[in-house]
Each structure stands twice: as C-alpha cells, then as structure tokens.
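Two complexes, one shared chain (subunit A), two partners (subunit B, subunit C).
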Partner chain A sequence: MAAERALLDVQDLRVSFGEGPRARPALDGVSFSVRPGKTLAIVGESGCGKSLTALSIMRLLPTPPARITGGRILFDRGDGPALDLASADRRTMRRLRGKDIAMIFQEPMTALDPVYPIGDQIGEVLVEHEGLSRKDALARAVELLRLVGVPSPEERARQYPHEFSGGMRQRAVIAIALACEPALLIADEPTTALDVTVQAQVLRLMRDIQQRFASSILFITHDMGVVGQMADEVVVMYLGQVVEEGPVSAVLSRPAHPYSQGLIASIPTLDMPRDRVLQPISGMVPPIGSITTGCRFRTRCPHAMEICRRDPPKVTTPAGNSASCWLVEEST
Partner chain B sequence: MFAFLARRTLEFLVVIFGVLTIVFVLQRFSGDPTNLLLPVDAPQEVRTELRHQLGLDRPLPEQYLRFIGRVAVGDLGDSYRFRQPALGLVLERLPATLLLASASLLISLVLALPLGTLAAVYRNTWIDSLATGISLLGQAMPVYWLGLLGILLFSVQWRLLPSMGGGSFAALVLPATTLAVYSAARIMRLTRAAVLDVLHQDFIRLARAKGLGEGKVLVKHALRNASIPIVTIIGLQFGGLLGGAVITETVFAWPGVGRLAVNAVQQRDFPVVQAVTVVIALAFSLINLAVDVLYARLNPRIRLG
Partner chain C sequence: MSWILRRLDAKGILGFAILAVVVLCAVAAPWLSPLDPNAQDLASAIAPPAFGGGTAEHWLGTDRLGQDVLSRIIYGSRVSLVTALAAVAGSALVGTVLGMIAGYFGGFAATVVMRLVDIVLAVPFILLALVFMTVFGPSLLNVIIAFIAARWTQYTRIAYGLVLELREREFIQACVAAGLTTTDILLRHVLVNLAGPLLVVATLELGFVILIESGLSFLGLGTPPEVPSWGGMLQEGRALINVAWWLTTFPGLAIMLTVVGFNFIGDWMRDQFDPRTGSVRPTEIGSRD
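On to the complex of A and B.
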C-alpha cells in the first residue's frame, strides 16, 4: 500500500466561509487519498462538506465567500512531483480541469447550456484541450454519445438540451467528462436527481467506464446503498471532518463510528423483517461553525460521554477501518 | 419556423387593425372637422355640402370601411394646413426621426452593454455601485430637463455643439445623447440583472469545470444566454425612442416626425396626427416582429416550439 502512489492525496484540507473573526470553518482538516483505478466514495448528510471538498479539488469554490485556508491537495500527473492543487495558479488549474480532472454535477437538468446543441457542448472540451477542429470535435462527440449509451448519437448530437430527458442529459454530461479521458473523475451525487431505474443505468454506465478507462473516481453521495455498489473505499464525513474511513466491505459490515452506524441503520433493505423500524439519526445537522471542538457528532450521538468534549483519537479497528471516536478507543 | 413567422405576422396585422380602429374612433370623438375647415359663419348649405364631400353623412360602419379601404392603399387624408397628403408629410420626416432614434440606440448600447456586464461580473464592488448609481441618475432625469441642460452647457456656455436643427453630424450629437440617457440606463440595469442571473446557473459552473477561461465562459455561455432578455428590452426601447423623440425633437428643433406631430396637434391638423400615429404604430409593430424573429433565433426552445 505504501509503495503505491496515490493519484489524489488530500491532506488536512481546510476551507472557511467569510473573513477574519467571522470566518466559519466548513472543512476542518479533511484528509483522504484516491488510488489509481479505484473508486473512493465520500458519504455524509447535506452540509457535511462533501461537495465543498469536490469543488476545492476543482478549485471552483464560490470565492468569496468560501476559500481554502490550509492543507494540500496533491495530484499526481505521472511526471515528476505531485502538484498541489490548493496553491496551483489559475492557468495550471484551467489546463487541468476537463482534461486531467473532470466533474459530473448533481443536476443534469440545468448543467447543460440551453442555447448550444449537445454535440457542440461535448466537442467544446476537445477543442479547448486537444486542439481539435470543430468538425473533428463533433465527430468525437458523436462517438462519446454512443459510448455513454445515447441511441442514434448522430441525430442526438445536433439536438438541444431541452430535447433530452434527465437521464439522457446526465449521459451527455458524463460524455463531456470523459471526452479527454481524465485520470480522475469527480461525481457529485450524479444520480440523486434521477428516477430510480435511470439511476441504476447511470451507475452501471459509470462502472463500465471505469473498467474501460481505468480511471479513478471520487464518488460523492449521501446514499450508503450506492456506496456498496460503486466504491472500493469509503470516507464518512460529518460537519466538515472525516469521522471514519476504510475499505467498503469493512465500513459497511462493521461500521465503527456511531455516525456511520446510524447512516447504515437508516438504509431500508428488502430482506429486513417487516416489523423492524428504520432507525433515523436523531436531530438535525447543526449549522457549520457551531461546534468547533471535541467530537462534532456528540450532540446527536446516542453514546455521547463527557470525554467527547475533547477531540477524539483516530483508531484503526481489526477490520481495517479507522474511526475518530472515544468509544472505539475504549473497546480496542 | 414558417408556422412561427406566419403566426407572428397574423398577430402583427391584428395589432395594426386595432390601431386603425382606435384612430378612427378618436377622430369621430374629436368633433366635426367642418368646424375647423370652414369659417365660423359659413352657411349651413356649404357645411352640408362639405360633410357630403368628406363622406361624413354616411352611416358610421360605412365610413369605417371606407377609412380602412383608403388606409389599405396608403391614403390617410390630406393635411388641413399644408393641403398635401398627410402620409407623405410624415414619410418625408421619418428618416430624420429614424436617424435620431438609431443614433440614440447605438449610444445606449455602446454605454449600457459593457457597463451592465461589468457591473454583473464585479457585483458588489465599487464598479457595480458606480454603474448602478449612474443608471439610477440616468433614469431619474427627465428628457426635457436633460436636453435644456445640454443646450445650456454645450451650446450656450462652451459653444461646442449646435443647439438646434438637423442635417449635420454635430447637430445630431446633443439630441441623440439626450434621448439615449434614459434607454441606456434601462438597458444597463437589465443587462446587469440578466448577466448576473446567468452567471449563477449550473451550466456556467460546468463551463468552468471544462477548463474554459473566464473570457470564454463570459462571452460564449453567459452573454449568449443573457442576450435573450436583453434583445427584448432593446426592441421595446427602440420603440420607446421613436415615441420619446417627440419631446427631444421639440427641445432641439429637430425636423422629424415628433415635431411634426406636436405642431399638428397644436394646429388641430387631424389627418397629420392620424398619419403620425399610424406610422409610429407600424414602426413599433415591425420592430417587435423583428425582435420576435431574433428572439426565436437566439432561443432554441422557441425556435422549434
């Protein structure tokens, strides 16, 4: 494991909203790494900072008010030392975006520009990064549409977004992301806005793509069920911090952190007894910046103790997942 | 596209028909034209004879149909004052008004589009505050006051520009600029709002995620989408400029349709007032038709709908 270089290594990433004394930390020392050819899922409720993490990597944070205040985002381009995206200049970032790192957003209905044909919007990336002519780019766009499973792609490439269904639009967005065969694909809740059946199709498509291109995927979701289908490793985030991480099998079958346990207990399964009631996590996610010390989850944790006011240690369990929790510390 | 054009052309005809009807009705309400045409002490027989000549003794529906029929062949009656076809008088002065309105629109656009875009891109900075402040001031100043101020400063005080008349480029500067101020302010505010709205859209974020530079994101994606509402307001403003020319032309003694209309109203030269109304309404509708076609060209969701 140590010998293999990570494609993306996020170290102690900090992002704040606002300036000076009124600044509220939204990401508070987030660390994880994505290995080549693997899928890492980031899971958590809305407001846990998972989308901010993705936007930080792309350096597309809405600045102001949000800005990176610390940490490193090391990206391995395969030549020489890894590049720190947190401090890279605009020009470097612009060349990287869409070419080495591509992103798929949550809302396919509004992600495409309504006034250009789909083919042009896919081709645009190729014109920008590969220096293709508009005509060659269009021909490639048709191929890409075929690859992502859009029927009669020649015709569809000439159509506008409003002539596409939600699932087809998300396929078009995926085609844009794949155009330059990026090393890292960031998918921010790519299926949340889609119907369940379409969701399954898009997930299958993403798995196929990963096998075909051997690319790495950073998959952001709030859905533990999707994590099991998609990811090799998982990072559970709560209120701007990583609370647990590890191989998917370990985290899903033996979640160590009470928050992960809560997330998993709230997934309905087909084989669960009829009389079993789903266990939601009590309470709401507190506003960012309202809890800045100790275990952030203690206000909602069923096992909260006095010691939880102090920052919990990171403990690795025998199953291979590591969690930041005093309870886990005691039991091992 | 053909169905769209056909529908819009039909709507255009309905509007023109409506304007003609209103003109006809207003004319009937404005009193007996023979009172104006004849001396006060004219004998009743002469009066009846003239009424017969003008067709005023016929039933109203018949008069209406004759009126529409005459308009259809371009006859809007003769001016009482000039004893010439009223339409000819209006068309003679139309180029001067069109020149004034076009020059104003050009000035408006040159000022408003870049300022509005800058204000949106640098929102909540001093650039935004400055641009928004200027536009508020522009919208708040009445045209006649601004015109007089311009004459006082540039013509009387500094003797830089002529205060009246037409025919030269220098004479165009003051009236065109004066007329441009209000529409520039309107177009600027709308441009700012439209660009700001588009900049918050998801597809702008995707354009950035594609690795496009800020310039391309702005011009190719933001402005192209913002142009859809902007074109609409530009069309409306151009119509407004034609109408607004009435005041400006009077202040600057510009030999256009507006001044003709003011003089005709003062002298109760109804055929000329009518002709002005019809021509301006026609111009306004034509501009709207052009805007609708352009709008459909810009917006694919309408093009096929």
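On to the complex of A and C.
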C-alpha cells in the first residue's frame, strides 16, 4: 500500500536558541506529517515547543536568537518535488506565506492593524498575492466576511478593528487567512483568548471551512477538549520532543505515554464524581536545555525508572498510536 | 473633516484661527499689505503707529528708512511659514525614515543611527546653527538645512521607540505571515501607526523653527536684509528701542502669536491622539463577546 503523499512533512526538525556551546535546543528532532484535508493537532504545555514548531514552518522564528539547526520541512505544492521550507530563500517564503500557508494568531485583539478598516486588511492579501485591483479585492473581502459568518458584511468591511468584538475579530482574522485559499492553515491557539461560547462557534466555523476548501489544518492548542472536537490526528509534545502521536480517538481513549495520560487525567468532565480530585501533573516544565538525554519527562513521571535515563524507543500500540516510552508494550 | 470640527476645543479653535491668519498673510501678502514693504520714504521715517500719534498712512508706523512696519510684518510671514514648513517637513522625513529603519531592523543599523542621534544631541543646536550659517553664509535655504541637520533627531528617537514596540505587536507579525513585503509593512502598517505622535512633534517643532529663524535673523545670520522677516525687523529695531518701541513690539508679537498658535494646535492634536483624553483612536472600549 503506497502511503498517501503528505501535504506537510516535518522530519527531525531541530531549533536552537543561541550559538556555539551555549546553544540550547528548543526543538529536538520533531517529526510529524499533515495529510491533505486533515487536521493535525499539536498539544502540550507552555514551553513545549508547539508554537515554535508553527513559527519554524512559517520561517517566522525570531532569528537571532532562534534558528533551525537541522531537519527538513517538506511542503508539497502539488507540482514537482516537495519544497524544503527549512532551507527555502526569503523570496520563496514570502510568496508562500499568506498564499499557500496561512496563519491564524492567538490574540485576535492585537492581530489586526488598528488604523485600517477590516475590508482593506483582507483585501491587502488579495492585492499582494492574487494581483487583484483594490476594488475587486474589497468586493472579495465582503464575500469572505460573509463566508466566515460576519453579519451585514458590506457595512462591517468598512469598520475598524475596535468596532469588532473578540469573536468577530477572530472571524476577520480567519477571513484574512482564507483569502487566498491556502492549502495549509496554521492555527496557533486560535480560541484561547475567546469566551467558551464564542470558542465553540469559531471551532465550528473552522471545521466548516475545512470541508468547504478541503484545506489541511495544523492546530496548536493546550486544550485536550478542543483536540477531541477538531483533530483527526494528535501529536503530543513535551520539552521540544514528540512523546506520542496517533489518531485522535486512540490517543484520547488509550493514551500510551504517561505524559499524555497525565494531560487527559487533568481534564475535568461533567460525569465524574464531585468528590474526585483532578490529577495534576506534578512539578513544572523544566527550562529548555536542562534535560538533553533519556526520557525528558522522567523528572515528573510517576513511573520513572533507572532505564529512563536512556533514550526511550518509539513503540506503536495496538490502538494505532505510537509513544516514546519504555513502559509501552509492542503491538506484535 | 467634520470630525475635526466636532472635536475642536477652545485651544484648537484659537490655534487654527491664528494659523489661518498667518497663512492668509503669507499667501495674499501683495493684496493685504497697504504699501510696498521695501518702499523707502525717508521723509516719514520713524513715524509712530496710527494710534500712537501717527498718521493712518502707516498703521503700525515706519522704521528708520520709512518702510511700512505693517507691510513688512505681512510679508515677513512668508519667510517664517516657508522656513517652518520646509524645515519641519525635511527633518520629519529624514528622522522618521532613519528611526523606522533603526527600529525595525535593529542590530547594526540601530547602533549607527542611534549613536549618530546621541552625537547630534550632544551639540547645542544654536551653536550648530551659528557655525553652519557662518560657514555657508546667511540664506533661507541654509537656515532650513541647518534646522534639518539638527532636528531630525527628534523624530528618530520617537519613531525608534515606537517601532520597537510595534514590531512586537501581533499584527505586524501577522503581516509578515500574510506574505507582505517589508516595504509594504513599513510604509502601510508601521508608518501609519507612527503618524499620530510624529504629527504632534512636527506641529510643536513648527513653532520652534519660527523662533530659531527669528533668532538667527536677529543675530544677522538668517535671511538677507532685503527680505522682510520678523527676526530681521527685531534686529533692525533693537538700536532704536528707546525712541521707537513699535519697531520691535509688533514683529515680536507676530512671532509670539504664531508660535503660540502652533503650540496650541500641537497640544490639541496630542490630546486627540492620547487614548486617555482624546478620541481619534478609541481604545479597547468596543464590546467584547
């Protein structure tokens, strides 16, 4: 069976902060792939490197101090061999950004320029990448606002960001991202800054859009509940490494890695007994670069053993998820 | 335009009114001035103003050469306005471009630009202008060049600081992520967000140039004597201050009023751009979900 060609294939990605002997690895051999039309979620605590991964793909890392020190980011543009974004030149990247890969940022309150009307900001991308005239771009902007569910888009397109509520702004940000119908949409915690009710609306919108445009989504979040609603596949990251990956149903129902188990055990559910105490993961995320060998999670893992000082093998479970842990049983 | 009218307070109205009068004088000087500013009439030299015992022919009196003071003040507004606008436009352009480059790209560019700012700021401005005018000779153009050479730093410092902050704002990153070119980002998104504060500085600088130009003319290093200017009139009138008070009082008043007018406009604009007092850019008071 020939494997379906991945839209985005990240292979052994390494990112470091700083130079020479004082360089600290922030991403340490991250690999995953996003299939066409599917949603891949990257989950993890703050500082695990999930946002850094997104910025690396977009080549928006603050350089210096951060830089890509190894690995490949293969992006399939549909024509010819896949392009390695890790080594693409600035010009190629600029043309790709916004057109083939678009990004939705976390904070809708600050992701829009306060001095331009919303319609102009959506149209700007179209003028840049599609060569539309300003007038055509504005007309298309109104269509996009309607598409993302902004009521009376003709008037709203002429309004400024401060006249939009948080949820409406995030819709406008999504409209900008969708303007050129990108093959890949990177969403960096797009709902974290929103109220729960608005959050659900925005998530539903993103799912609708995905079906309509058949685009892939790389969804970055720390919220396991959101993962269940959005993703087809999950990658769990800890301290710059992938500790577990697999289909969303397998990872959520039968997490193999102790860290994934910990993340899922710490979600409150409605049907759990009222006197049950949520299980937090003990300790704090250690600073990057402090643990560079063996299982990075061993300092907080309830099952830590002597063998965890050695790099754990990557093992695939019967459920279909693969985890890097000495405890996981091989599926054979 | 209507929002400007709606937001005008007393200070704003006064500022714009004074500016309007000065601009009118400069533009319509040949029609407004009762006499040729350079016409000499030694027979009626040092005539007092009409309300001080003089005749209605010279409302504000005449100077040593019998030139009409009112006409010279009206024509003098041209020198003041042209110098002020050209000097401020030039220094704002140079300063803003350098400040934006330093702030946005940082690194070596920032070091070079900001150290240059330190050097220029370390030299007293009036000294710099005096040296410059002595070397290159007194002319209107040289006054403008001297001013640009010294005052661009005002805009650079402010632009630099603001760009440093803007660069970290998410929407600038979003622009990069949307594939816009650096030039587009700088011109369409960074510059436009700097416009408010820089405009306020520019307005206050307008008043300052007028003072400096008058000062240089007073020292004999500004405009040549045949061009009527307020500073030049002060210098000529200084020797006769005991016998002809009107020769220094009226040009002095013209300078003061114009500077006050520009400062009022600057204050008013600063209030408008300040989120706490103003309303040009309402802050995050929009409803949240």
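Definition applied: the second predicted complex is superposed on the first by the 326 of 332 C-alpha atoms of A that agree within 3 Å, B and C clash if a C-alpha of one lies under 4 Å from a C-alpha of the other, contacts with A are read in each partner's own complex, and residues count from 1 in each chain.
Convention: a residue touches a chain if its C-beta (ideal position, glycine included) is under 8 Å from a C-beta of that chain, and two chains touch if they have at least 3 such contacts.
Only a predicted model underlies this, so the values are computations on that prediction, with no experimental measurement involved.
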Overlay on subunit A: subunit C relative to subunit B, clash or fit: clash
First (subunit B), second (subunit C), both or neither touched by A:37: neither
Which superposed partner A:194 touches (first subunit B, second subunit C, both, neither): second
Touched partner set for A:289, first subunit B, second subunit C, both or neither: neither
Touching partner for A:60 - first (subunit B), second (subunit C), both, neither: both
Partner chain(s) touched by A:105 [first = subunit B, second = subunit C, both, neither]: both
First, second, both or neither for A:164, with subunit B first and subunit C second: second
Dominant contact partner of subunit A by residue count, subunit C or subunit B: C
Region of subunit B that runs into subunit C when the structures are aligned on their shared chain, from 4-12, 22-30, 40-48 or 58-66: 4-12
Overlap of subunit C and subunit B interfaces on subunit A (superposed complexes): 58, 60, 94-99, 102-103, 105, 107, 110-115, 124-125, 128-129, 162-163, 173, 176
List of subunit B residues in touch with subunit A within their complex: 201-203, 205-213, 221, 224-225, 228, 298-301, 304
Of all residues in subunit C, those that touch subunit A in their complex: 169-171, 173-181, 184, 188-189, 192-193, 281-289
Subunit A residues within the subunit B interface of the complex: 58, 60, 94-99, 102-103, 105, 107, 110-115, 124-125, 128-129, 160, 162-163, 173, 176
Contact set on subunit A toward subunit C in their complex: 58, 60, 94-99, 102-103, 105-107, 109-116, 124-125, 128-129, 162-168, 173, 176, 194-195, 197-198
